[in-house]
Amino acid sequence: MSGHYTNLIIGLGIVSCAFCTYLANRAKLIDEEGLPLFFFPRLLNYLFWLFKEIIISNFNTAKVIISGNVEPEIFTVKASQHTDVARVTYANSITLTPGTVTTKIKNNILEVHALNSDFGDDVRSNEMDKKVKLLEGER
Amino acid sequence: MDLFTDLLTGLFFFLGSLSIIIGACGLIKLPDVFSRIHAAGMIDTGGTAFFVLGMIMQSGWSLITVKLLLIGIFIFFTSPVTSHVTANLAREKGMVPEGKKIGKLL
Amino acid sequence: MDNNPILRIATKILFAPIILFGLYVQFHGDFGPGGGFQAGVIVASAFILYAIVFGLEKGKELFPLSINLFLLALGGILYGGVGIASMMLGDEFLSYNVLGSSQQAGQHIGILLVEFGVGLTVSNVMIALFYAFASFESSNGEKK
Amino acid sequence: MFLAALTACAISALLVLARIVLGKTTFDRVLAVNSLGTIIVIGIALHGFYANRPEFLDIAIVYALINFIGTVAILKLFSTGSFKGNKK
């Protein structure tokens, strides 16, 4: 990352990586939750879709803030994923699109706060849920 | 080509500036904590995405691009975590948001 | 906060990259912003994040207090030892030139070792301070 | 161009500071501090480009890191009253 490639620097980099792996192993972090490998093949596709969604809902949120018709609502949805990691990905995706925030998570029920009924309908239509389930794949 | 890149950078910077200023206005204007989280999320996602895209346009392909992408990924990863933790704690302290409730709450 | 799955998984994913970035800042101090002091703080912040999210007991299991205090002293000794070594070789305290075969190599080795000592000491002092402050009970009568 | 973007950052930072001063509850303030941190990260990166010193990007990464950990620590302290217990 520094743009300098001498032997000493590369050696120190390898030692650093080894040290990190040792520490993470010792903290028992490397398991299905810490390193969700089964996501990776389909991840890029999902990320592009998510990015497009974020831009669109950014403009919608800006419109709502300027025009000022705020009617907040709060409701619960069911997450149909099987593993904890996929549920967390779903909750994070909901939070990442402006206009909707996950306020509580308990097993497979999420409590979502939306800025407007349009955003609420977006989440309730379960489109993102299906995408994340696709990302999780067959298990 | 140079002019084109500059123009694109300017467009991205304009959108980013608009995004963070509207987000900051919303942070003042909106009524309660749960609504303000949306405005803060707008600063985090919209502002960072547009500014990082603009700077990548300006830098070309080099190590700087990698570092900029690292900043973008890091903020995109931590922003939902902090807003969720804030909202979760506010709910657990017993604050109930304004507006209508649909269905049974947790 | 252990029972919040979002925070738990975020910590698990972020722990190793933070330490890796801290070590990058440590060894990169010759060419850009960085060096022992900042790297120590970054590495310590990873352990502090772990101890905050999973509780102090788990944090102390991962990085016991005895190892912490030992490494703290080792960093100081490393710093002083380089100085004394250069004194032994017949120059002033902490003048790196005599450490290597040539002047350049001596500078390199000396700076690397001293920075490593500083980083070790700073990170362990930060963690020790965090452990000490976190062990306090809340003393103003608020039992929660 | 970079100067205009920096000005926009400064204006929104001032607005966010107003929310920190006005804020009714602690959560408002924590939220505003987090947003201020994000704006400052963008500002540091922009200033690095403006002054032609791309080493500033390292500092921006570190700032984002400390911002996240600080927010989590404040919320933990606020929820339990100490760092020790892990009751909730």
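A few remarks follow.
Order of writing sets the labels: A, B, C and D. Residues in every chain begin at 1.
Just so we're on the same page, a contact is a pair of C-beta atoms (placed from the backbone, for glycine too) under 8 Å apart; a residue touches a chain by one contact, two chains touch by 3 or more.
The structure displayed is predicted, hence computed values, not measured ones.
More C-beta pairs in contact connect the chains of A-B than those of the other pair, out of A-B and A-C. Put simply, the C-alpha centre of chain A and that of chain B have 14 angstrom between them. One simple way to say how far apart two chains are is to compare their mean CA positions; for chain B and chain C this gives 32 Å. One simple way to say how far apart two chains are is to compare their mean CA positions; for chain A and chain D this gives 21 Å. Multi-chain contact residues of chain D, defined as those touching 2 or more other chains: 58, 61, 65, 72, 79, 88. Among all residues of chain B, those that touch two or more other chains are 23, 25, 37, 67, 78-81, 83-85, 88, 90.
Residues of chain A found to touch two or more other chains are 1-3, 91-92, 102, 105. All chain pairs that touch, listed by label, are A-B, A-C, B-C, B-D, C-D. By the touch rule above, chain B contacts chain C in their complex via residues 77-78, 80-81, 84-85, 88. Those residues of chain C whose C-beta lies close enough to touch chain A in the complex are 4-6, 8-9, 12-13, 15-16, 19-20, 23-24, 27-28, 31-32, 50, 62, 108.
Partner chain C is touched in their complex by these residues of chain A: 1-4, 8-9, 12-13, 16-17, 19-21, 23-24, 26-27, 29, 33-35, 84-85, 87-88, 91-92, 102, 105. Note for the complex: chain D touches chain C at residues 55-56, 58-59, 61-62, 65-66, 69, 72-73, 76, 79-88.
The part of chain B that touches chain D in the complex is made up of residues 6, 9-10, 13, 16-17, 20-21, 23-25, 27-28, 33, 36-37, 40, 43-44, 47-48, 51-52, 54-55, 58-59, 64, 67-68, 70-71, 74-75, 78-79, 81-83, 85-86, 89-90, 92-93, 95.
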